[in-house]
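Listed next: structures, encoded as structure tokens.
The two complexes that follow have subunit A in common; it is paired with subunit B in the first and with subunit C in the second.
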Partner chain A sequence: MPRKLSFTLQFSFTILVALFLILPAIMSMLAGITTNYARGVSSGLTASWIIEVWNLYADTIVRSLVLAFTTLVCTLLVGVPAAYALHTIGGRIARLIEEVITLPLAIPGLAIALALIITYGGSGSFRQSSAFILVGHVVFTMPFMVRSVMAVLGSIDVSTLEEGAASLGASRWQRFITVVVPNVRPGILAGSLMVVTLSLGEFNLTWMLHTPLTKTLPVGLADSYASMRLEIASAYTLVFFVMIVPLLVAMQIMGQKQSRSSKS
Partner chain B sequence: MSRTSFVGLCLLPLLITVGLFFVLPVFQLLIVGANSPSGLSAYSAIVTEPRYRQSLIATLVLSVATTLVTVAVATIAGLFLQRNVFPGRAILISILTLPLAFPGVVVGFMIIILGGRQGIVGDLSRAMTGQKVIFAYSIAGLFLGYLYFSIPRVILTIMASIEKLDPQLEEAARSLGAGTWAVHRDVVLPALVPAFIASGAICFATAMGAFGTAFTLAARIDVLAMVIYTEFTLNANIAMAASLSVGLGLITWIALALARSLAGSSVAAAG
Partner chain C sequence: MKKHVEGAAIRLENCSKTYGSSARALEPVTLNIARGETVVLLGPSGCGKTTTLRMIAGLVAPDKGGRILFDDQDVTDQPIEKRNVGMVFQSYALFPNMTVAENVGYGLKIRGVPRADVKIRVNEMLAMAGLETFANRSIDQLSGGQRQRVALARAVAARPRVLLLDEPLTALDAALRERLRTDLDRLLRSLGITAIYVTHDQQEAMALGDRIVVMSNGSIAQIGRPNEIYFQPANRFVAEFVGAANIVEASLKDGFLELPGGRVQVGSEASSRREAIAMVRPEAISVVPPEQSSWIGRVESTSFLGDRVRISVGEAASTPIIIDAPNSLSVEIGDRVGLVIPPSSVRLLPA
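Right after this comes the complex of A and B.
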């Protein structure tokens, strides 16, 4: 095949795939600010759908932000020390523990949610609260934080750094806070971005764990897709995109930086 | 404080969290699935009861088809993007990987925007042929939805391993007289097999467990996740929902474990 034709064919194919992914996203964002989507953009642009979404679903947006932040705090407090411990222990035991905490990624969220409901569904106030969803999000996002920090720990020489600090009289706790944590910052940052992004968008677990009083943004989205006109569903999706796309872009930039620094 | 006790203290919160809210519940799930009024039959019903068996087969077929098509699409696009430098390449890569964290429900809505009653394809087809094409709520819509959330995951892995290929091998093949097609068939594609297995397994496991997309599209095809949801909420058949969940979890876990032992890299599904 002539080189030029082959290039054109592959280029067109790739463009087609990109259009398939991006076109619906653009059209839905447009629909969220169009007066009447059926009549097209010529019917005028408006912010009234977004205001309507805020009136209808503000609580879900706030709850999702609070949940994502709380999930992040939990995974930081629990996951970062654990990553350090697993790195220090090493060997078969550490691998086994890593295996177990990574299992929630291999098992569908629906199954984990069902397991949580069967075990704790009877305890009324816990079941009714947002903490029930928080528990699911923490279990689901924890492996990302732990692995992300462990990956950085594996690439630096922690023990030498720690020995240096120890020879200067630093206690174990001081060494962890002032030597280990600052050195694994890239891993913490990458893990945090992942945790917040996943928590904001989590649906499979949350749909089973939520109650009418603890709806999150994705749960509200499913609600609006089933019962609201296209413009409101679109405006709501637009709000979600505005929250999540900056996080995704930040992750892409971090990924590029990492691959560049590993190449040099 | 001794080294061991400090390390233990660092690990303890994780063990408590995962133990209480993952390990214990999963054991409960296994037990509830086996403790149905009719004993272990809730587990055997997965294959003996036609309704569950059909759903299992449909989900398997859908997931395998999604995996094959996604890997093919991602390989063609990935090879192109990794081998050619042109203006707009970085934007194209961003677009192809951006939907990575879109939840299943949003993916379902994207398919409605594309092929629903007010969809882009419907408008285009009416303008061109007078016929309004609506596919969002059919098997085609569900399949496209699965492709939508699979392509970004797979393309990243495949592009990363294309980047790691040794260009000297291809040059050697070419200097020995192999054409473009022969180089791809005999050198490039075999070298990418580990990436195919790893990303294919993630793709398969994610598709098997996907719930949000089918939920939004309310498709007439009952994927396993929808059956579990229906059994639990509408029929209150908790034992059956539990045993189906265990079966589903086992399939995805085995797929990922197999892929890891074959491909030798760490593999995990997300979302």
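Right after this comes the complex of A and C.
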């Protein structure tokens, strides 16, 4: 029976590790609906902390959502044509530009934020608006959109498809809209989910760029951890989970679909 | 289906192509293609046939000094989308995001044809291609042969002035290729459209072309009707590339080739040359008993190919002579045989 024993041991170890990782998340969410965390779950469950969070931080949640989707619109409008252009140009210049676009991934968010503040921080109304954060988010998420679209462009023979469309009379713009975009849709979708998720959860950059009037959800989280009672902070985390988990699941499904279609 | 012969005549003037700083891919080519004619560009890979086709299409611009005319209208500076050409690509380039019907109707939709008219024309095209029941299928549900037909229907749906086909049958297996070749030939004749067809397959070229342009190393080796190309090749390259050929180098005396196995009479074109390169097609040679011929050899190998027997005969010339004989012939390896060639079937090639 040594084989069965080793399986049992391995299985138990896996379960233990998984529990170790997932327990904090469960505890944290549980704390958000516990009446009094100091006294434990036996004190009863309640939704009042969540309501409290909504009263205190609704503006940060709404702002984060608006920011995420505005960021998405910006990365779509700029990133998709940029990816197409880079793919079409090809060669060393395109690779160089791609590297430059990707640079924000390697630079700490704090450094990017500082650079933005040094450069544009002087113009008051811009500095004080959410648009300032938007710029940071677009810079930070752009490489994800560009790269995921370029990956799909590289996997389909888009130049032959375009030649086909051109031979049928389609101008460059018509080709882009009717042939290129629909055929890179998997890449656009995957990129979009990535951008929204990253923007919703972004903290480093945003923490530097925000003002007391332009707090986002993660910044609000930090704020609540620092200054509110534990139950509210936990309820806030719960709200964040509820928003971000469906996006992560969608991303996973997209990824599976893509790998399946590229295999077939 | 309405027959349309509004295809354009095409003229290439002095069109060459150099890619980057490398050697010329295409030497200056001048070529006239008549309205409604099917011209096949034939040659091995890298001979410049695809470059020539893409030049006519507008996907490649000729070097400075080259001109391309459609019906005396200079289209050199027009991009492909302005030239009103139909093109069938080797990979078909069908749009995976559209159904079969949407693919076929794409060119019409782009041109702003009213939706109802697009539908009529698309149905007409699908009927022509035998694809009526596939209208709403997606492209990845089709077989290779069906895709090829969709590509063709799509290319001709908007009534182009010129139909360009870039190895459209190469991606298919042999049996299907032959059947679709017949279909394609019938279609091209019924459309009456000017068509330019690129292939490396000489059988395809013979079957489809009104004229064949044989290309080699970036220039035209010969232009002619299929039978001219076959029986009167301009040079050794054409002779060997188009069909099987026996090439013998021998001295020429009084209108006879002097060969190790005997003498072979040469037709009227016998010149005063001393050394000659002669070409004989394998099926032009008949095998007879040795006493009935002045040219003798020994059978080295035979292979039964069903419709004919291919025999290799040694000792007759410096290299073995290949003969396609009727399948009723029975000879054994080692047999001495006489070979007979009508003088008119011996073609002298330039040295």
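The criterion applied here is as follows: the second predicted complex is superposed on the first by the 246 of 264 C-alpha atoms of A that agree within 3 Å, B and C clash if a C-alpha of one lies under 4 Å from a C-alpha of the other, contacts with A are read in each partner's own complex, and residues count from 1 in each chain.
Rule of thumb we're sticking to: a residue touches a chain if its C-beta (ideal position, glycine included) is under 8 Å from a C-beta of that chain, and two chains touch if they have at least 3 such contacts.
What you see is a predicted model; the values in this text were computed from it and never measured.
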Superposition on subunit A - do subunit B and subunit C clash or fit: fit
Cα-centre angle that subunit B and subunit C span when viewed from subunit A, reported as a multiple of 10 degrees: 100
First, second, both or neither for A:Leu110, with subunit B first and subunit C second: first
Touched partner set for A:Met145, first subunit B, second subunit C, both or neither: neither
Partner chain in contact with A:Ile133 - subunit B first, subunit C second, else both or neither: neither
Contacts of A:Val195 with subunit B and subunit C, given as first, second, both or neither: neither
Which partner reaches more residues of subunit A (counting touched residues only), subunit B or subunit C: B
Where subunit B and subunit C come nearest after superposition, their Cα distance in Å: 8
On subunit A, the residue positions that both subunit B and subunit C contact, one per complex: 171
Residue ranges of subunit B touching subunit A (in the complex, touch as defined): 1, 3, 6-11, 13-15, 17-18, 21-26, 28-29, 32, 73, 76-77, 79-81, 84, 86, 92, 94-106, 108-114, 118, 120, 144, 147-148, 151-152, 180, 205, 208-212, 215-216, 218, 225, 228-229, 232, 238, 241-242, 245-246, 248-249, 252-253, 256-257, 268-271
Contact set on subunit C toward subunit A in their complex: 57, 59, 79-81, 84-87, 89, 91-97, 106-107, 110-111, 154-155, 158, 164
For the subunit A and subunit B complex, residues of the former touching the latter: 1, 6-7, 10-11, 13-15, 17-18, 20-25, 27-28, 31, 37-38, 74, 77-79, 81-82, 84-86, 88-89, 97, 100-112, 114-116, 118-120, 135-136, 138-139, 142-144, 146, 171-173, 176, 197-198, 201-204, 207-208, 218, 221-222, 225-226, 230, 233-234, 237, 240, 244-245, 247-249, 252
Residues of subunit A defined as touching subunit C within the complex: 156-157, 160-161, 163-171, 174, 178-179, 182-183, 185
